[in-house]
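Next, two complexes with subunit A in common: one pairs it with subunit B, the other with subunit C.
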Partner chain A sequence: MSDVVVARSLDEAREALIGQPDATVLAGGTDLMVEINRGLRRPRHVVGVAQVPELRRWHIADNRVVVGTGVTYTEMMTTSLADAAPALAQAARTVGSPPIRNAGTLGGNLGTASPAGDTLPVLAALNAEIVVTGPDGERRMGLDDFVVGVKQTSLRPGELIVAAELDRPTGRQEFLKIGPRNAMVISMAGLALVADHDARTVRCALGAVAAGIPRAHDAEAWVAERIDWDNGAAVTDAVADEFGQRVAAASSPIDDHRSTAAYRRHAVAVLATRALKRAFAPGGNGDA
Partner chain B sequence: MTTEPVVTSAPATTTGPANTAAGSSAGAAGADTIVDAGTRGVGADVGRPDGVPKVQGRFAFSSDLWADDFLWGHTLRSPHASARILGIDIGPALATAGVHAVLLADDVPGRLTYGLEHADQPVLADGQVRYVGEPVAVVAADHPDVARRAAEAIVVNYEPTDPLTNPEAAPTAAPIHPNGNVFREINIRHGDLDATGEVVVEGTYEVGMQDQAFMGPESGLALPDDDGGVELFISTQWLHVDREQIAACLGIDEEQVRLTLAGVGGAFGAREDLSLQIHLCLLALHTGKPVKMVYSRDESFFGHVHRHPAKMWYRHHADGDGRLVKVEARIVLDGGAYASTSSAVIANASCFAAGPYKVPAAHIVGLAARTNNPPCGAMRGFGAVQTCFGHESQMDKLAAALNMDPVELRLINALDSGDRLVTGQVITGTFPVAEVIRQCAGAPAPDIPRSDDRRDLPGGSGRTTDAADTVRGTGFAVGFKNLMFSEGYDDYSSAACRVADGVATVTCACAEVGQGFVTLAQQIARTELGVDEVILAPAQTATIGSAGSSSASRQTWMSGGAVQAACRAVRDQILADVAADWGVSPDGLVLRDGLVVSLDGQQEALLAQITAGPGYEADVEYHHAPTEALDENGQGNAHVSFACAAHRVVADVDPDLGLVRIRDITTAQDVGRILNPTQAVGQIEGGTAQGVGLALMEEIVLDNGLVRNASFTDYVIPTTLDMPDVTIAAWVEEPEPDAPYGAKGIGEPPTISSSAAVAAAVRAATGLNLPRIPIRPADIALG
Partner chain C sequence: MPDPYSLRVNGVDCEVADSDLAESLLFVLRERLGLTGTKNACTEGECSSCAVLIDGVLTCSCLVLAATAAGQEITTVEGLGDGRDELSVVQEAFVHEGAVQCGFCTPGLIVAVHDLLEANPEPSDGDVREALSGNLCRCTGYGRILAAVHSAAATKRSQP
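Take a look at the complex of A and B:
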């Protein structure tokens, strides 16, 4: 049987983890409990953080959004976060069903670190800084340094993921995801794209098409040169298509039971093309 | 009035019921479908007695069973598709604290194998495993986790061998079972096989392995009695056939095995075969304690049979006007490792391979083969689903070759009463195929604007697709199958009725698996006995004979017929006694509103008084008309009755990403008569959704015999964003002369034609061939 500590403050959570560095952190339980119920994991020590108020908060500043790791997908969709980080809300909407979105958290998505984690491409595209705390004090890192492999993070024993700090660029944000049905799916391919009109950059990151969450740096740089930043003209089909191909080149998908590498690479190109056109379409965003 | 006749009127006859209203016209959904208007009898929209408890979470499913001091069972399963078992060490498992029993094949006291048609499946693997998930050992312990861990501690020394996974190679491959690799081969030769048509179309089609995906995983509770017998509470589709197989394997008399139906969380064919029944009883008898087992969701995928994957080749010949001249087909079904119902499924697939059309000549070869893939057996539609995808794809291809409207092509070839099937059987009952086609195809075309809400578009909540990225297509399909068991099988049903103190009690072992028999049995008793209060006794083997299986769209007809006959036998006894007492003819008396009433209005008496005390009782068996086996040319009067349905589907497709959003489904169905409108809608919506799932997403993905997606994470079924409302254009009500109240079974037809119609719609939208279902995104985007 497991022993479970239910932390009621960040200090309590930190203390419990420092005292028991191999403990498993339980937030919404939408990943962990599935694994436990399937007999895949049998944690001896559990620290529950769902009742840690510091993790449940978010803060929106002019150019930065700080999201506590206890924030649920539903909160990402339905609160002021949805305006401050639209792609995060769009990604959250694609996670599971309403009960799952009520329970699941940003921290869980980060901790599980699946390539199919739906918020992760958004975090990558928003230049997220992941804040962790633990025996070595506070550490901050980009998503690249946090997710280091399939379901592998650079978290050290006893560390807790506290928050993600996101850019708040001036420009549209898009998250698109493909699954085998129209809702409640594990991603076959996902893509986040944000336009930053101040920095005159486009940032694009991919889900479920590589071991990690790749940014399409080459495509980003290429397309930034071809955007009409001053006048806001729509991107041409040729630019959007070429961008799609360049983004697809950043993917390294595999064949598995969910899809094929060939389809995923193709799909990423289509998603990138569409996301770019939406982000730089004149007029409304067509959000749904 | 205290006579207590116990009447056994078996077999009951099946002539048309006196109180059935005259047949209504097609498309007449509405008030005139009510037989007993204003009552809660047959035809009325009576709510399910288990409906509210199910919605509120108060209904006890088989997984909710509990007993004092009970143990939990767990099953150790093979990780290999094919392996010899060189040795098993149960020592570490037995040494685990809390473990009460670890049982292997040697511990099976009776017959070592079981099966619905051929007892070829080991209760526990005996030296050999033939599919991934095959049970090897069972454990009982005082906690489910302890049982699971103890099972994991069993050391099995496997010697894996190359699995046979290609059914087409099976007949000539080395036998993987003493019974060989061919479950059944069927050759239907009908008419002039040398005939050829002016227009010939050919195609090869494939259907993936679908799972029934019921919501309530396999579960049950077995309690040993003091005399070496066992009581089993179980979710199943057929109590008595379970009992027969369990008793044989336990080596005890059938009377010593008493089954009671526990709350069933869906079935769809997956509970026809045994799963944990024998294991539970073995453990209970071995330990002397009650034992409960509940499969996990993942384990459930290994705990029951699936729909047969199919590979089909077709060649259709037609004359220049589109009239079918000949259909040639070869159908290969992968039956997996054990027989289950494969021999009946391939018979259905073959018999209905040409569709509900007049086909003067046919050569149809069907093969069901044994492989090391998971066993396949019964699932809603039972062989007709696979071939419907084949024949309807061919009809569309033929229409294109003829430059003809696909609906018109179907209409001019539609079967009708009096026509012959490719098996030579003449259809004697109602079979309004053309009317079903006309009603469905003729329904007003839906006006569905392309939505700006991305959730209404392909990709749904994934926001992949804008309206401009989509193309729209409309597809049409019609399919049919048999009702009841075929080929000489006498799948009778039994029912008892007792009326005492004015209250009717109906006893029937019919398994309520969601189809609504618990509602219908009460409706029938109300209609036949003129009472309102009807008690439905628990479905048990100890109190009543077999009801047959809750499958093959047969229980409304068969157990409904048995209940009707039992109620009428009781009614006749009551009326005879009252008539004698009053000195009138029983023909002048009726039961109505809790009264015995003379039609001349002169006399009436309370039924409660007439039936005071022990009351009246009758016990009947109800048999359908006999059928016969197919001969060596696949000819014979093998089937009892037929029902058809048609679907029209409008789909928006994103061809670049291969994503589909169905926007409208319209259907019409040959129902005989509607006995409960809401329940009929439920069957049609649910059955249609299951067909949509097969068309677009539902598939057990296999890799050399390994199951890659045994979970609801990766085996996906339609959500509300995948399944539109179903528009029922018409109940086509042409009462079936032999059926009680004229009603045909309605559970399966919606699943048969819906898959084919979805595929047709996606083809129409994309222009792609799409010879395989489920249609995967890559099939469209990279097709």
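Take a look at the complex of A and C:
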């Protein structure tokens, strides 16, 4: 490593990256430092962005939530963000341990772009727009266009992820995941489900069961026609079970050291059924 | 070799010279500054043996690139006692409750418990388990650790 720049403002970070487009961006360090400690990565230039105040902010409007990429998991679960984006808070709460959540950031989860990144299904279900800045100015894109493969993003040299802009629909949000214990767990399967009572839609995205973060579009459309949007009656078991099967059909899991494809497909169906029942439990109508 | 940089550890400015910029804060604390209270176990954030406070925030020092911590206030387990020879309330409680066996996880636990009791003077069992969920102990089975946290909390509450 030949230089480390600690950026203290967005301009400093941007300048450092434009001056050194092959530099590696370091946020909370919970992924990158593991690789550096193991000798798997040895970046020549590092730009630290954990102390960039502009990235650490969030803004909550009536219909939209803008989350800076320096916002930590702890902040997602303990601030006003927890009310504005409940599924994001639920996902954050399942990440690592308190010290990991104090360090890890939304931007790090995006930049690492692991299929098991727990905030990513939430971003997909909340129709996130990812905002990046770089030598060619600002670009915005959906999560689909940002995460393009396993740990692959469409970020160009010299670009920095600045924020994610999320919908703020009226309806319950759920994030659920499966792992071997209740702490320090990397997802074997994860799922975010968002009910939008104004648009009368259900949005559901999956983690750790595909190369990217798929939305279960067919299942979403199918179930939206079976929800009692006017009276808020609970979904039936039959609908919830079939929704689970239809969501599982949107996954394309693999066998790896963490789980098997068969278990992941089963798990994601269970999670989808459970999330739908919770989101449309009696009294849940329009209740964020 | 890169330019030396300075870290503020337990209230003292320490110059870090002849270091590789890829070194973690954990490595620098132990190998450059001789502060071996902070333990080196997993180096991937799984065990919290290396927990320190950075600007008051509980952090795994193995996941911090040391050079990026320049200008921040770093507190290690050595900096928690009131004086050099005096144990903190939390440390006393760990001794009295027998919450130490091999001792390797203890410094990280002590730092994490300080952090917990700072924010929550009367934690429930659930609060303690949640707060220490990242601190792995392979000897004690956690029962005595839990008892030590409650005992430390009670002592702290009884102090004026």
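Please note the rule applied: the second predicted complex is superposed on the first by the 281 of 288 C-alpha atoms of A that agree within 3 Å, B and C clash if a C-alpha of one lies under 4 Å from a C-alpha of the other, contacts with A are read in each partner's own complex, and residues count from 1 in each chain.
What we mean here is this: a contact is a pair of C-beta atoms (placed from the backbone, for glycine too) under 8 Å apart; a residue touches a chain by one contact, two chains touch by 3 or more.
Since this is a predicted model, take the numbers as computed values, not measurements.
Chemist: Answer with first, second, both or neither: which of subunit B and subunit C does A:T94 touch in the superposed model?
Modeler: first
Chemist: Considering only the touch criterion stated at the top, classify A:G179 as touching first (subunit B), second (subunit C), both, or neither.
Modeler: So A:G179 only meets subunit B here.
Chemist: Go through the superposed model and pick first if A:R38 touches only subunit B, second if only subunit C, both, or neither.
Modeler: Both partners.
Chemist: Counting residues of subunit A in contact, which comes out ahead: subunit B or subunit C?
Modeler: B
Chemist: Just subunit B (first), just subunit C (second), both, or neither: which does A:A262 touch?
Modeler: Once the two structures are laid over each other on A, A:A262 reaches subunit B alone.
Chemist: Of the residues on subunit A, which ones does subunit B touch that subunit C also touches?
Modeler: 34, 37-38, 182-184
Chemist: Could you pull out which subunit C residues touch subunit A in their complex?
Modeler: Spelled out, the residues of subunit C in touch with subunit A are 2, 20-22, 24, 43-46, 48, 51, 57-60, 62-65, 67-68, 70-71, 112, 115, 130-131, 133-135.
Chemist: Note which residues of subunit A are touching subunit C in the complex, please.
Modeler: Residues in contact with subunit C: 1-4, 6, 26, 28-30, 33-34, 36-38, 42, 46, 48, 50-51, 96-100, 102-103, 182-184.
Chemist: Quick check on the complex: what are the subunit A residues that touch subunit B?
Modeler: Residues in contact with subunit B: 34, 37-39, 90, 93-94, 174-186, 188, 190, 256-260, 262-263, 266-267, 270-271, 274, 278, 286, 288.
Chemist: Residues of subunit B touching subunit A in their complex?
Modeler: The touching residues are 148, 152, 296, 298, 452-455, 458-466, 469, 656-659, 661, 696-697, 701, 703, 708-709, 713-714, 716, 718-722, 776-778, 781-782.
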